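Next come the structures, one after another.
After this come two complexes, each holding subunit A, first together with subunit B and then together with subunit C.
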Partner chain A sequence: MINIQDIRDTARDMLAKGEVRAVIGYRRGSRGMLAEPAFITDPEQANELVWDPTCFHNLSLYLVHDRKFLAHIRKNPNAPVAIVAKGCDARSIVVLLQEHYFKREDVYIIGVSCEGTGVVDERKLAPHLNGFQASNAAFDGDDFVFTTAEGEKRLPAREVMADRCLECRIPFPKEHNAVFGEDKTGRQLEAPFAALTRFEAQEAGARWDFWSHHFDRCIRCFACRSVCPMCYCDECVVDSITFPVTHETTAEEKANRIRWIERSATRSENITYLMTRAMHLAGRCTDCSECERACPVNIPLRLLNNKMEREAREQFGFEPGASIGGQSLVASFLDKDPGDFIR
Partner chain B sequence: MSEQQVYEPRIVAFLCKWCSSAGSDLAGVSRIQYPPNATPITVPCTGAISPMYIMSAFNKGADGVLVSGCHIGDCHYIEGNFLARRKMKLIMELIEFIGVEPNRFRMSWVSAAEGAKFAQVITDFVDDLKPLGPQDKLKKAELT
Partner chain C sequence: MEKILDKKHLDGWIAALAEWDVLGPVLEDGIWSYQTASGAVRLDHPNTKQSPKELAFPQREIFFKFEQIKGEPPKLTQVVPDAQRHVAFGVRPCDGRGVPRMDLVFNDHVEDNYYQARRKNVAYVGLACNKPPSPNCFCLSVGGSPVSTEGLDVQMTDLGDRYFVKAITETGKGLMTAAGKLFAEPSAADQKQVKQVHADAVAYPQRAIRNPDGVPAKLKASFKSPLWEELAQSCIGCGICTFLCPTCHCFDINDEVQSKAPLKGQRVRTWDNCQFPDFTMHSSGHNPRENTGARLRQRVAHKFQYFPENFGMPQCTGCGRCVSECPVGIDIVTVVNKVVENAG
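And now, the complex of A and B:
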């Protein structure tokens, strides 16, 4: 069990000593039981930090935002930022470090172990609460305890946990400066890639029916891109409008500019967008599932990213976010990479 | 398309400048007969091909996409085809995953001396594509 007071004390001490500029963590949100990201700069605020089953956000996104902001105001960081990171979040940070997005000394990782459980999936929880809204959620051993207007409701974590947590292989932040909670690596609640394996057992026709249905529904809000810590490019290939257009740019130039992917929310463009995104995340996605959670039309984006993760693992023996010094998936190769598909 | 016309698949072929492109030239100057379905696009190296090019080719109406480069070890840029091998494997798996026929994408190694092999690769690809019919899954709707 993680004692939240330990995390608060660590955050308060470091802020008071000036060892860190800010602490990025979770605090109680304004909507029901849900936690929300907290950005703490005042030691007194450290008591707002919480750690509960609704801390599903991948906070490493805000390290990216911070880095972009500093670049914008042309400042170098004068002290690191501390961040509360679960296993998957810490792996995201490792990928960012591996890509030299920021320096290791610019971030202080306060690791939290998910221990025997993980974070809650709101969609799985909803049917269990008899229409009530939970106002609080807490860890208790292998159970989650939710507080609703009906009183306390205890549910086995396995029933309401996010799929990614059930399938998580390493629910522990290996890369950390300080860590709370026990390392329960190898707990295996469900086989890795179980949801993917179930999906892949279908025929190609059924898979296409499934995906064409979902690709049709994408509204191109780019929530998946906005919420992803790995989507940090200043210019996304999808945004043809971000190419510089000056008063000297002629209409012909604008018309002839390559638009790999149109912005219209039609199936063909959505496929190209989502497939390109999956490729760009191959070997970088650490399965934090934020894209799937943020998606307003519930497109199962995690399946696409999982597919890439599994291929990287099985074909190339590649594990995203395993070590800071490691090479990236598509910028490296092995002599023994499979090549039998090539004529 | 009238009913009398036979369906001819359109292939977009990304050919490496140093090997496959020269290989296709050799097939031409050697007067080897092979189907005219492929539209070659010469690229500096197969390693320079972004998987997005392949998606984009399908998006713009290609029935099949061929990526062809130098044999392993022969890359002009030493390691470009090693990198291509990884990327193309991933995009191939992804295309198959969403339920598109895996035969619509093909990769081959054709050296500058293998004109006959190039002709064979195109012939085989066209033969495999014909039974699949037009590719309309990934194609822009307005182009149909």
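And now, the complex of A and C:
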């Protein structure tokens, strides 16, 4: 069991000694039990940090935000940023390091092991709470314990855990500066890609119907892209301005800019957007599933990303974010690549 | 007009509205949304994920189609919204109050033909909230109430095995008259019960914005507050808060070109969103709202300062969607309270 006080002490000490300029972690939000991202710079605030089953956010997104902000004000970091990272989050950080988004010494990884469980899926939890809202969530061995107005509600974690946690192969942040909790790698509650395998057992026609239905439902709020630490491009194909504008850019160039994807939330545009995103995440997505959690209309985006992840694994034995020294999938070539698509 | 409708007659009432496209809340893919009623309508929803604003202000509106053969004058064909009448059942009071606020926006200075063409064909049958359907409801803090009739054509109140149904507008009366025989006169006991249910609903504890009357002035004084950046630090810049909001109405207009020779395409209006980083991007590359703090301030101040200044009422109706659905916990109730408190 992780004692949150240990994480708080670590954060406080590092901030007090000036070893890091901020600690990105989780604190209790103002809506019920849910944790929210916390950006702590004052050692006295380190006691706000929490670690519970609602710490689902992949905070490595904020390392990207920080980097973009520093570039904008043209400053170099004067000290590293510390970040609380679960197994999947730590692998995201490794991918960002592989892609040279920042340097290893710029980040201090406070690893947290998901031990025997993972994070909760609010959609799975809701029916268990009889319409009540929980005010607190806690880990307790293989259970989650929720506090509601009706009293304490104990549930086996696996009943309300996020799918990605059930299938997680690496619940321990291998890359870290400090780490809390036991390494329970191998505890896997469901086979890897179990949800994808179930989905793919269907006929092609049924799969097309499924995706057509969901692509039609996308409202193009871009929460999936915005919450994703891998979606850091300065110029995204879906934005209205998809190229940098300078003083030399002519009006005609601006007017004739290429619009790969129109703003209309229609099937063709939604497919182009969501498929482009899935392709760009191949070999980079570490299955943190934040896109699927953030989606306000419940589009099962994880299936798309899992598909690409499994392709990379089966074709090239590739595991995203496995080690900093490792190459990124799309920037590497191996002699043993089968290349059997070339005829 | 006040009547009693036995719950078993709800479907009969809906069937009597043959010339209307009747929409009811449907739970599909884990979310509630308004969909054309194809069978029984059940009004046991909390609130829908998206507000019913899209009935008058769809996410995508085609204004006109254009065509031009080189050397010839362009040919424009206006696209007129269809004249089908829509009635939404189960509209919560906060969403009902969103309607007149949208009407103000699309009828002030300039009458928006497309909005008005749709709006005049939409009716809203409300359902009072006997208790707050979301833990993040705060309608009482923005001049609303769980039993408000503002913006609605009919208000229904759940009395267990029957509904107390009250016509608010002439359109509402017409909707009820269409199935006149199904309705009964309310007894004195019914009147007493509905009064009690409404009183209980208003007394139910909700989240609260403190001293709401003082908010506009305090926000005005807080334009340069460093708090905005702090409160928006976790903002990811997505469109959830605005797209789900019953009163957010910003839009973009684009020419969607389908072919270049001959030139062929359409001019389309789509929802836009003040939280997108490129929303205020100038063609020079300069962005006056360059960080999430400035963008969060815009959304909050629009709801709680600019709209009150322009129209004498907050634009927010307290539905709580932006609070519940924000992926990173940005909570407009907390934001307003903190900024106001900080203004002293």
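The definition used in the following text is that the second predicted complex is superposed on the first by the 322 of 343 C-alpha atoms of A that agree within 3 Å, B and C clash if a C-alpha of one lies under 4 Å from a C-alpha of the other, contacts with A are read in each partner's own complex, and residues count from 1 in each chain.
Definition applied: a residue touches a chain if its C-beta (ideal position, glycine included) is under 8 Å from a C-beta of that chain, and two chains touch if they have at least 3 such contacts.
This structure is a prediction, so every number in the text was calculated from the model and none was measured.
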| item | value |
| --- | --- |
| Side-by-side fit of subunit B and subunit C on subunit A, or clash | fit |
| Subunit B versus subunit C as contact partner of A:Ala223, first or second or both or neither | second |
| Contacts of A:Gln133 with subunit B and subunit C, given as first, second, both or neither | second |
| First, second, both or neither for A:Phe316, with subunit B first and subunit C second | first |
| Contacts of A:Asp183 with subunit B and subunit C, given as first, second, both or neither | neither |
| First (subunit B), second (subunit C), both or neither touched by A:Glu36 | second |
| Angle at subunit A between subunit B and subunit C, C-alpha centres, nearest 10 degrees | 90 |
| Touched partner set for A:Leu61, first subunit B, second subunit C, both or neither | second |
| Partner chain(s) touched by A:Arg123 [first = subunit B, second = subunit C, both, neither] | second |
| Which superposed partner A:Arg263 touches (first subunit B, second subunit C, both, neither) | second |
| Partner chain(s) touched by A:Glu290 [first = subunit B, second = subunit C, both, neither] | second |
| Smallest distance from any CA atom of subunit C to any CA atom of subunit B, in Å, after fitting | 7 |
| Footprint overlap on subunit A, where subunit B in one structure and subunit C in the other make contact | 266 |
| Touching residues on subunit A, where the partner in the complex is subunit B | 200, 204-212, 237, 260-261, 266-269, 271-272, 275-276, 278-279, 282, 304, 307-308, 311-312, 315-316, 329-331, 333, 335, 337-339, 341-343 |
| Residue ranges of subunit A touching subunit C (in the complex, touch as defined) | 29-32, 34-37, 39, 57, 61-62, 123, 133, 214, 217, 219-223, 225-227, 239-241, 244-247, 249, 251, 254, 259, 262-266, 290, 293-294, 296-298 |
| Subunit C to subunit A touching residues, read off their complex | 29-31, 49-50, 59-60, 135-136, 233-234, 236-240, 243-244, 252, 254, 256, 268, 270, 272-273, 276, 278, 281, 283-285, 323-325, 327-329, 331, 333-334 |
| Contact set on subunit B toward subunit A in their complex | 51-52, 55-56, 59, 72, 79, 82-83, 85-87, 89-101, 106-109, 121, 124, 137-141 |
